[in-house]
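Right after this note come the structures.
Each of the next two complexes has chain A plus one more chain, namely chain B in the first and chain C in the second.
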Partner chain A sequence: MAARNIAGYVVLALIVIAFAISVVLKGLLLTVGAFLTLFIFSFLYKDNPYYKFAEHLFVGVSAAYWMCMGFWGTMVPNLFGKLYPPMVGGVLPALKDNPAEFHMVIPLILGIMLLMRLSSKAGWISKWALAFIVGTTAGLNLVRYLRSDFIQQINNTALSLYVTGATGFDLGATVSNIVIFIGVMCGLIYFFFSKEHKGAFGVGARTGIIVLMVTFGASFGYTVMARISLLVGRMQFLFGDWLGMIR
Partner chain B sequence: MNGNGEQKSLVERLQFIDRRIIFLFIAVAVVLPLLFGATLKEETTPIVQELFDFIEHLPPDSRVLLSFDYGPTTAPEIQPMADAIVRHCAERDTRLYMMAIWATGHNLTGSTIEETLKPEFPGYVYGEDYINLGYKAGNQGLIRLLFDDFKRMYSTDANGTAIDEFPMMQQIKNLKNFDLIVSFGGGFPGIKEWVLYAGDPGNIPVGGGCTAVSAPLLYPYYPNQLVGILGGAKGAAEYENALITKYPAYGKKWMGGMSLMMSQAVSHVVIMLFILFGNALYFILRAQRKLETGGGE
Partner chain C sequence: MRYKCIIAAAVLFVGLILPQALFAQEDAEVPDSLLAEVQLEPPPQPVVTEGVDRPNDNGHKLTVKWKYPEEGVDLIEGFEVYRSMSPDGEFQLRGQSPADYFEYFDIGGVDKSDPDYMANDEDYYYKIVAIGKNGVSSESEIGGPFQTSGQVFHTGKIPVLIGVVIFAFFTVYFISSAKKGKELYVRPLAGIEAVDEAVGRATEMGKPILYILGIGTAADIATIASFTILGRVAKKVAEYQTDLIVPCYEPIVMSIAQDVVRSAYLEAGRPDQYNDDMVFFVTNAQFAYVAGVNGIMVRERPATNFYLGYFAAESLILAETGNSIGAIQIAGTDQITQIPFFVVACDYTLIGEELYAASAYLGRDPLLLGSLKAEDWAKGILMVVFLIGVLTVAFGWDGIRELVRVNL
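Here is the complex of A and B:
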């Protein structure tokens, strides 16, 4: 146990020394960014206090950032600035002479009601504001999703299975459209559970599974590419911006 | 040792290789191409070329709305797309309206302006050729409001200056006044919400640059609902290739998307080798067990 404590202190001392040298050579901001990246990467070896520190710092800073951006970017100009423009004259002089819009008191009241959930006794009041949000969002989404994600997507799938271009028959586009058509139809058959998947219907369902597997495979491949991109980005920062090893 | 106290064979030990060894291989595969400055040339696919061609054919002074709907966590993938499209739009002398429906997009808009637009296009004037409108909360509700009345939500720019003071904002009433909307992101809210709440109802051309994770979910919107889409680092590299082909001066510049691709290729090969290696070990072990049990499972 004592040996483990000593090792811990040695690691801490090495980190402090490396941090100090880096601050002198590269400046504070770059050094903080580099060390926080290394702290997060240290989780790949095993969980440790440095990783926990960086993780908690990230969560705290993110929450504070979103809160400040929401307050100064939306509440100040779009709520206080409209309800009583002179109030924001100090920070947004451009708005101070605008006429007041008293109907903005409605979102203010709804916002206060939403915050009531912080109280154990008056928490039920927040449900009304929440119901308003759920209702408007559902109403807003229903129409748009129905038109763009359902009707328009059917339209996108209704493709010509014999494509001709300026030079005549277009084999590539024809094959592509046939694959899309068969893929969609077989995918739909697979999710049709009112009829037993037997005979020709079963062949369609099994083809549907293959189509789904190909889709999942493509998604997974894209996910790998995304994660590698993020790793490359961090490596470019560490080896390029910080250590100066990449031109 | 296995459960029966017997020594594990080499194949058995290799099948349960420590994951940290795989991490090490991936790290080396990613870092080595970066250190040697190796890049891969990409061929531009039609889905990317369509967006490039659309911007290429925009007349000067066209209005392009760029929405920065991403954060630092996806910036390595998305930022090269934003830089490439901003460069292309500026080459075409279009007017750039930059905004964000993600709070984190606000700062990234600023860095795109400071690091790409201002140094490379010093002739671009703030308020006349480009504007930073900043972030507003509201997700898809915000887009719905902008669709009817743009200045209702954006009464000032990101610096707090009244929006009507800028010449380029005089003609803007709602989203229908834009010739193209490009959303960078792919999460929620993002490209899909721009299609659903602006592109489809207003018949406004929408293009996008998204993370690779979300690309498969957005491809079904092409070509009827999306002009074109840049999927992940590969999409960014393809757009950069199209840009270099049309404007060869960019061939001498460091391009963010292309710089990612060699590391991508090498690390993908390493991952594939590990998958093949794992499967080979599985079949060898199965064959060994069959031999030990005399052919029965």
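Here is the complex of A and C:
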């Protein structure tokens, strides 16, 4: 245990020395950013105090940041700035001459109702506000999804299974349309929950899951590429901006 | 004397001949200026024909149309469109249109405080100016008055209305059937069958269960479905007296999740075991949330992880960390781009709509079961219409596609 403690102190001392040298050579903010990146990367080895430090800092700072953003980005311009514009004239001069929009009292009341859950006696009031938020959004989404995933789906997939172009039969387009037809039909069969996947229905469902897995595979590869570009971005920060090894 | 004669002749030349020569030069320029005047002939005048209110909107937009002779198109650069609220008032430039396009879509402001505001049911007058390539323009007569107005009903969305009515009918019908006690079959889902096993495993190992509701809002359908599954999981957890950890990304989600878990503990007959700290807020910054949850995973080492709800780029980071600690993982989301990550890193994955089905399957609530049945019927109709569409297209009739076309 003593040897482990000594190793820990040695690592800490090395980090402090490297940090001090880097601050002198590269400046404080760049160094802090680089060290926090390394601390987060250290999770790849195992959980450790440096990761914990970066994690808690990240969580704390982000929670505080979003709280401030919520206040200054939403409540001030969208609530106070609309209910009583002169109130925000000091910070948002462009809004101070706008006419008051008294219907914004409704979200104010809903917001207060939500906060009622902090009270043990009046907590039930918050459920009304929650019901309103959830219900209206679900209702609005129903129409949106019905249009995009249902009605438009028919329009986009009711294609000819024998395509002819200017030069006659178009094999590529025909195969593409057949794949779309089979893929959509079998995909729908897979997501049919009222019937067990047996017999011909089961064959359709199995074909559907194969189509889905092929799609997921393509999506996986595509997204992994995007993630690698994020990693490259961090590496460029460390080796370029911080260490100056990449120009 | 001889010199005097020469000087006199020179003076005469300078005084009489030279001015004549100069004047003659000026005269020679006259044909050029005349030519220029011929070139500066104005292009033909446009004629404002109509101002049409754009249909299916809230007003504040108007399409002004005009006629222009074909032979004039090559002579002009394009058109400028001017608008005024009275024929004698000041006309303001609204925009430009290319030489071969004889209409302009005038989008006005909706807000009265907007300087570009265009009121509904008010008269507007338009003037079109054809800009000649030679720099000379010609104005149309003033056209108008034209008015713009808002419509209550969007005729382009009638297919959506029909879809909503059909879906609503099925939903109400199946919900009422379920309430009357009719047995509505839902096929078993592997991921959900594994819930009890996963909770039991955590109990045997004496380790907690981690339930993640994703990063959606309380109004996201995936989050709503996840609440139902959380209720079921929390009830099992309460029965088995296992620990439950629910870190939340959104304060409202946390609030609802606390209610759900509290109710589940109450239902299981163990309200004393519930405490609000089981369900807590972390942060609503995506990757900070991931860092926090990963930290919880490696320190608390849960035996079972549930990832059910709306997920984005954090899905693989969470699922991979969970995999590295050896937890049984059950995931489900309706985000197509994230499902592949759950498929590779989790033991069971509920794909898309299976998540909604799972909540109905577990909850056995007539409302959910009825909705699920309605969805199945809607899918059945979709398949039939789709099949008819393909067949009719094969016979050269595009009617089905046109019938379901939504014009926004």
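Criterion: the second predicted complex is superposed on the first by the 221 of 247 C-alpha atoms of A that agree within 3 Å, B and C clash if a C-alpha of one lies under 4 Å from a C-alpha of the other, contacts with A are read in each partner's own complex, and residues count from 1 in each chain.
Methods note: a residue touches a chain if its C-beta (ideal position, glycine included) is under 8 Å from a C-beta of that chain, and two chains touch if they have at least 3 such contacts.
It should be emphasised that the depicted structure is a prediction, and the values quoted were computed from it without experimental measurement.
After overlaying the two complexes on the shared chain, residue contacts for A:153 are found with chain B and with chain C alike. Judged by the touch definition given at the top, the superposed model places A:161 against chain C, while chain B stays out of reach. By the document's definition of touching, both partners, chain B and chain C, reach A:223.
In the superposed pair of complexes, A:200 makes contact with neither chain B nor chain C. Using the contact criterion defined above for the overlaid structures, shared-chain residue A:65 touches chain B and also reaches chain C. Chain A has more of its residues touched by C than by the other of chain B and chain C. In the overlay built on the shared chain, the residue A:141 is in contact with chain B and with chain C.
Of the two partner chains placed by the overlay, neither chain B nor chain C lies in contact with A:3. In the overlay built on the shared chain, the residue A:29 is in contact with neither chain B nor chain C. Residue overlap on chain A between its contacts with chain B in one complex and with chain C in the other: 65-66, 98, 136-137, 141, 147, 152-153, 155, 215, 219, 223. Only residues 113, 157, 159-160, 163-164, 167, 184-187, 217-221, 224, 252, 255-256, 259, 281-285, 287-289, 291-292, 294-295, 298-299, 313, 316, 336-337, 339-341, 343-344, 351-354, 357, 372-373, 375-376, 378-380, 382-383, 385-387, 389-390, 392-394, 400-401, 404-406 of chain C touch chain A when the two sit together in their complex. Taken together, the chain A residues at the contact with chain B in this complex read 44-45, 65-66, 69-70, 73-74, 77-78, 81, 91-95, 98, 136-137, 140-141, 144-145, 147-149, 152-153, 155-156, 215, 218-219, 222-226, 228-236, 239-240, 245-247.
Interface residues of chain A facing chain C in the complex, by the touch rule stated above, are 40, 43, 46-47, 51-52, 54-55, 58-63, 65-66, 98-99, 114, 117, 126-127, 130, 133-134, 136-138, 141-143, 146-147, 150-155, 157-162, 181, 184-185, 188-189, 191-197, 212-213, 215-217, 219-220, 223, 227. Residues 20, 23, 26-27, 30-31, 34-35, 37, 73-77, 103-104, 106, 134-138, 140-141, 144, 153, 155-156, 160-162, 165, 195-197, 200-201, 211-213, 215-216, 220-221, 224-225, 231-234, 259-260, 263-264, 267-268, 271 of chain B touch chain A in their complex.
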